[in-house]
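Quick heads-up: structures coming right below.
Two complexes follow with subunit A in common, the first pairing it with subunit B and the second with subunit C.
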Partner chain A sequence: MLVYTVRRVLGAIPVLLLASVLTFVLIDVSGDPLSDLRMQQPPPDPSVIELQEERLYLDRSMPERYWLWMTGIGGNGDIGLLQGEFGPSTQSATYDIGENIADRLGVTLRLVTAAMVFALGLAVLSGVISAMRQYSKLDYTLTFVGFLALAMPTFWFAGIMQQAGVGFNELVGAQIFATIGDGTYQAQGLDAWGRFTNALAYMTLPTIVLMLTSFAAWSRYQRTSMLEVLNSDYVRLARAKGLPNRVVIRRHALRTALIPLTTVVAVGMAGIIDGTVLTERVFQWRGLGEFFIAAVEANDSFALMAWLMLSGTAVIVANLIADLLYGVLDPRIRFE
Partner chain B sequence: MHKRRKILALGAAGASAMMVLTACAGGGGEETEGEREVTWVINSLPAAWASISSAGGSVYTIQTLSGVLPYTGQWQPDGTYEYNMDVLAEEPTLINDDLDEGPFQYSFTLADDAVWSDGEPMTGEDIRVSVMMSASPDSGYCTTCDSRGGTTADMVEEMEVDGKTITFTLKEGLADAEWMSQVDAHSTGGGFYPAHLAEENGWDVDDPDQLGEFFTWLHETRPEWSGGPYMITDGDLENQVVKEPNPEWWGEEPQLDRIIMPFNTDESTFVNAINNGEIDGANPAQYSEDVMQELEGLPQVSLSVGEGNIWEHVDLNTENEWLEDVELRRAIFTAIDRDDIANRNFGAGYPEYELKNNHVFGSDSPYFTDVITDSGQGSGDADAAIEILEDAGYELDGDTLMLDGEQVGPLRLRATDTQTRSTSLQLIQAHLAEIGIQAEIEVIDDLGGVLSEQDYDIVQFGWSGTPYFTTAPEQYWHSDSGSNFGKLSNEEIDELVEAVGSSASQEEAAEFANEAAALVVEEAYVLPILAEPNYFFVNDRVANIEDNLQSSYRATYNIGEWALAE
Partner chain C sequence: MSTTDHTSDEKDERAVTVAHDDVVLEVRDLSVTFPSEDGPLHAVRDVSYVVRRGEALGIVGESGSGKSVTSMAIMGLLPPNAKVSGSASVLGEEIVGLTDAQISKVRGNRIAMIFQDPLTSLNPVYTVGYQIAEAVLAHRKVTKQAAMDRALELLEIVGIPSPQQRLKQYPHELSGGMRQRVVIAIAMANEPDVIIADEPTTALDVTVQAQVLEALDRARQETGAALVLITHDLGVVAGQVERVGVMYGGRMVEMGPVEEVFYRPRMPYALGLLGSLPRMDEDRSDRLTPIMGTPPALLAMPKGCAFSPRCPMAKEICHQEEPLLLATDEHGGRVPVPVGDTTAHTAACHFSDELGESAPDDLFRTSGPQETEGDEPPAAAPKERGGGEAIVSVTNLVKNFPIHSKGLLRRRIGEVQAVSGISLDLRERETLALVGESGCGKSTTARLILQLIKQSSGEVHYMGKPLHTLSARQMRPLRRDLQLVFQDPFASLDPRMTVADIIAEPMRIHGQRGTDARKRVKDLLSLVGLNAEHSSRYPHEFSGGQRQRIGVARALALNPKVLILDEPVSALDVSIQAGVINLLEDLQEELGLSYLFVSHDLSVVRHIADRVAVMYLGKIVETGTTEQMFRSPAHPYTQALISAIPFPDPVKERTRERIIVTGDVPSPSDPPSGCRFRTRCPKFAGQLSEAERVRCVEEPPELMDRGTGHPDACHYSQVVELI
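Moving on to the complex of A and B:
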């Protein structure tokens, strides 16, 4: 397994390298990072623009910039992925892209982790129930809810949830749910219980939005997978042996039926970092989604490249984890 | 039976949890009893803690620093200019504006009781250092200060500090009709900064490298200093800032105990947030009819809409093979119906909109003269446009405009992809079709790139205007200006716009500016449409608050006077 892991990690290097070239070229040709500055009123002195071109390495050729971005050799110490520097930002001379990504990753993970745990639990539960009661009213209801959640545009659903939260607050006459922000500042000076309720107030609505959008697809996977297993010979044999239905479902069917979901969830976890863009925007969480939008708005090439590289790396790592988990969950699979 | 008991127990637990939450939750969002607190939204994230740099110089940074940065004066909502007599001992003095008698000179004297929040007195040195940091890198004051531009600062030859007084002497032959703007609310820095902190941190401000370090420090360090009624006590550049009264403030006592300013980039969240008591108001940067309509329906909210400072205009590329003919340009502008564009975009939400009839001055300016209406440009009069074309030798062949047997155009009609501009382009396309010109709409991703490369035939975009006007005409129309994107070249206009920049008085400068604008209309180079409206909304529990569309500070321009309604 160790050899397999090392081989997979080494295999990921050329993929990442190719991704870095594509990312760099696509973003580099997509626009002028200084276009806003050039349009400024009153117009900045040419020396200001020169200073910025120098700071952002725009006075170098594209291949040279790529080399700088990867290695940092020949730069001012603020660039070079291999040295842990993501490059200068158009957003401000003092804006540290790496530091911002680290901070915002924490915010996004807080949101994503809670949403994923609940989404996974709900998906497994509803998938199993749907499969066990195939074509029943409950199955149809859960299927309808699943497709509804899949079809709802995130920004719209988020708006509806905000409105529902406000409606609920009005009904009970207290501010149970907050609609904007992550509540970090509001938690200052509160005791443990206060922090808990504060977190609930700020996290509940965005978590529900993120949870439902992920749950929908996963529950469909779980239902299909469970149905397949329930119709297999070994489950039939278990039933024939007279095992109680609970034991058959829990020990024999569910364990096997979870395997395909593992892959989907692992890759989905990586993808959800991209998927939080809209949720974070609507609920005003300063996570990686907002980082991405700010980078686009500011024509911040190096910040965008950092985000895309992080996203790409997350997908590769998630795939690797999924493959490894497969082996752990299914004893028939051996790594060679 | 057993199952039902379980369900009941679960329900009871849920209800208890909800009751506990009802009692406890949301504590952070609510103000402590008896505290006078207002939550005011800033519509985007400030990039830095100071606004002198090109990156930090946004309205969001300025609004974040409202009530903290001292300044010498500001344009008021009604278009009048007011000196800040809390900060100044007397109105600034124009020492000499007759260049025949000597260099242009003026001085500011700060009030005796004007102090920073650490008790240090404000002096002329604070202004001197702020101007040095605002000047462009070529001025030699600072090696690494990437100031966002300091036309006024760059004119300065010498600054003489005498305690609370600073005297400016401009470079030989230069005059500045807007000299009072040097460190006012509309200046590069939005005010002036505490120079004594440089010394406290061990930097010599007369060393260009060390001034650069101070500049960087100001931009990256959350101000613990203040020269206004409030000071920042908590916050960061991503979520919010919290302001509390400055104990050393010598002016009228602030009426609030705390102002929280969350940064919120999504206008669609405003309605729910104000309904939920999470915010008290905002002055968004963009016009949004949907949000406005929802806000209008809220009984506890006041909404106002007015002309913003971004004015939309249509520009022609005078180096296009067809558009180099001024008669064709005039016909195109005559065929465009500005009222149609304005009405379709803003008629529903802001029926009081006014078309912009002067490139430089708004209709409320004392210097305003209508240079557009009589020309017929923007009237949408297709018959008049066709007459112009026929007089110039063009002819209509069916629905196609021809010149010497050749089809005129098609022309590329471009703008960035906003709802307002998309509507506008479609209308212009239809207007031009009426005079036989085919226009092909192309969306712009990179406006700066497209304009600087002249990659358009007809383009619509916006300039931001301020009551200060002496630098704009030269930027827009001088043949050597990098922002004269359509390459208008007219010696008379060049002379006039140079005269605007070098006039010693605003009246004289305004006269030159109006003459230049009239010539630009004759050249049919830029057709102003209207100033895009901005809106402002506030919960009625907040008093003494109004929008100031003349200032980047917007509603925060008088933050020291905000109070809670009785």
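Moving on to the complex of A and C:
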């Protein structure tokens, strides 16, 4: 198991490296961070542009810039991923990308975690029910709900949910759901209970929006996986042993049907991160999604790279965890 | 109508008396229907039988005969959409239609079941010990430790070596034979009254089959359980059971004591089954007698007797009225027999009395469309064989597959010698059989000859041309001459291509198109005995046997000289298999083909092959003519293989001399030193002195002729006559 773990961890390193190259090259070739400055009317003094180019390291060649971005060696101390610096920003000379990310990470993580936990829990539940009552009305209903959720674009559904929240508040005449902002500011100075209800008010709608697509995909997957196991010989043998149905389902069917889901969930991480960009935008959260949009608007190369690296790392780490979990859950992998 | 009333009354009376008697399982008028989009599918119809305490009942039938569904219905393991009617009772207690909580108390306690595929029967994520203990805990209020102790005891009974260690292992660490023994251990955990074994050895190699049957026997002795053995293998039935029932088209069509059914079948189907079986224990006859046609589709059951469309004896009434399962009295009248009467021989045939002592040949051969002429040319003169030139010759062929370390770097730490230095000649117009258990390298050898994979060293010559030196491009024109037929007729045909496209594909690849190709497809279809009109159909519209014929037609499309047949009939039902074997023989005769016949089934090999090479762990251990190999096998492994094939003859099967091997085939990555077979060799274990053994351990035996007329690779080879 130790060898397996070490091998998986070591295997993640080249993937991360490759991700960094791709991130850098794709962003670097996709636009000039100073295009706005150059287009300015009246044209700014060439020395101003030169100064900016120097600050943003645009006076160096692309391989040099990559090396600099990774290591920070030969830079001005504001760049180098390995030193924990993300590079200068176009947004302003004082804008610190790392600090901004750290500020917003908590907000986004809260949303992502809640969405993943609920999506996973509900997906397993509805998948298992669907599989056990295959072709029943309940199964058809859950299937319909699943496909509906899959088919709904996040930005549109977010808008609908927001409007529904507003409508609901008006209907009951009280502020039950908060539809704007992430609630960090409002939580200041509240006691534990107050903070909990505050979080509930602010998080419910965005969480529902963000989890929906993943829930739908995962519940379909869980249904298939469960059906396959329910028809397997070992479940039949478990019944033939005289185990009652609920024990068979829990111990033999569910336990094994969960194994393949770990991989799917890890891969689904990427989808959730995508979803946060749209969800945060609609609900106006100051999270990483909003950070990403601001970076795009400002042509902020290093900020974009930082965001991409972060989400890339999150996906790779999620896959690593899934691999390791697989090893724990499935003895066939463990002994490989 | 009054007579039927009378019989059912009589039956009831009898049932009451036997219930107090020693009947452990009684099945009465059990029917199973599955709803389908094309209407109800009657999988099982009115099956009745009883099993007495400690008795072994065999149920034989081909796929789709309903034999497995019957037992699943008894166990209550069918999917919820299945409609089960009738009754099944264990020790007088009804078990059909019980709730989950009620049936859970019976399953595994009173009545236990063993399934076909040991590789999928155990849950991969729990240890073997846990899974056995689970069965104990399901019915007994004991501590977990006590359950584990019982699991250990059970593993010892079923003959698993070092059971203490095995308890903590996961299923994938055990071989197929071991896993099936674990399943047997689970079945006997609570000393059930009945064990239902559904094809318990079908997925296993023959030598392992013998071991598992022995374990099953021990389980029965230990628990006193009765056995219902469901199988398609008449040989296994002949050796294991006292009574046998034959199922066809969802019904029981014949039932009686095993000798009665085997020696004096009263239903043409049973007779036909026996006739279509290649026999190892009898002189090789020149043709098998297949049953024409295919088993009935359950959705479109023929009116009257389900077997009537295939039956050479069928008369008007057979197509009208379904015969009941009745006994024949001494005057030839058909009379009912009470269900509990276990000595009666019953059959569902209107003319069972007319069957008398007829042999399968008499009945089924005359009906065959092929042999309408009076004399059969192949039967008269045995083929002049063996004198031909070698068309394919293989010298010192070696194939290694690398093994990588389990450490961090996955270094290459060694290799598996799948094929280690074999030499053989395939002569013109002959059939050379390559036999051995799974993992012995026989399929790898076949692929090496075809150059589908590259050898590590050694030579393959085809008509003097060195294939091993050719590039893929140079090899291509030669592929016309060397073709392959695969084992699985379901997987080897592209489901999205029509039969015409499938057969024409090799021609297309070799630049032959247009009307010529289309005409050739039609010719080929009729050559393999299929209707040429069906060329626009898709593979799923054909039965297994027909599909295998399509596979043969495809292989023949380019007029090859050599056909490599990789287990061509092992996926087929017995009655179908015979037809394909006959076809292969006819084609060889007609087209002058040479066959390399890869198989694990020695009965088929004995029937079809001219010469045989036996492989064990990548080496040929014995080779010779078919006659020599079966009459006077010299290598202990050959002897063990022959011993392990059950004869479909109850008396012979129970009285024959056997050479039994123990254990599983060792891993080819680490073959035993010296003679590779020594770890399982009965001679090494029992007959050799300490001094003699040293030679087996140290010196790998060469394949050489030791005066028996055929070469073997054993230092102490000795002919034993087993048949």
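What we mean here is this: the second predicted complex is superposed on the first by the 323 of 336 C-alpha atoms of A that agree within 3 Å, B and C clash if a C-alpha of one lies under 4 Å from a C-alpha of the other, contacts with A are read in each partner's own complex, and residues count from 1 in each chain.
Operating definition for what follows: a residue touches a chain if its C-beta (ideal position, glycine included) is under 8 Å from a C-beta of that chain, and two chains touch if they have at least 3 such contacts.
Just so you know, these numbers come straight off a predicted model, no measurement behind them.
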{"item": "Clash or fit (per the criteria above) of subunit B with subunit C on subunit A", "value": "fit"}
{"item": "First, second, both or neither for A:113, with subunit B first and subunit C second", "value": "neither"}
{"item": "If touched residues of subunit A are counted for subunit B and for subunit C, the larger one", "value": "B"}
{"item": "Touched partner set for A:200, first subunit B, second subunit C, both or neither", "value": "first"}
{"item": "Contacts of A:181 with subunit B and subunit C, given as first, second, both or neither", "value": "first"}
{"item": "Touched partner set for A:329, first subunit B, second subunit C, both or neither", "value": "second"}
{"item": "Contacts of A:239 with subunit B and subunit C, given as first, second, both or neither", "value": "second"}
{"item": "First, second, both or neither for A:136, with subunit B first and subunit C second", "value": "neither"}
{"item": "Vertex subunit A; arms to subunit B and subunit C (CA centroids, nearest 10 degrees)", "value": "150"}
{"item": "Gap in Å between nearest CA atoms once subunit C and subunit B share a frame through chain A", "value": "20"}
{"item": "Residues of subunit A that touch subunit B when the two form their complex", "value": "30-32, 34-45, 47-48, 50-52, 55, 90-95, 103, 155, 159, 162-163, 165-166, 169-170, 172, 174-188, 190, 193-194, 197-198, 200-201, 281-284, 286, 290, 293-294, 298-299"}
{"item": "In the complex, subunit C residues that touch subunit A", "value": "75, 77, 100-101, 104-109, 112-113, 115, 117, 120-125, 134-135, 138-139, 170, 172-173, 183, 186, 189-190, 406-408"}
{"item": "Subunit B residues within the subunit A interface of the complex", "value": "18, 20-30, 45, 47-48, 53-57, 136-138, 144, 146-151, 154, 216, 219-220, 234-235, 238-240, 242, 262, 264-266, 268-269, 272-273, 275-279, 445-449, 451-452, 463-464, 471-472, 475, 481-483"}
{"item": "Subunit C-touching residues of subunit A, taken from the complex the two chains share", "value": "3, 6-7, 10, 232-245, 252, 255-256, 259, 329-332, 335-336"}
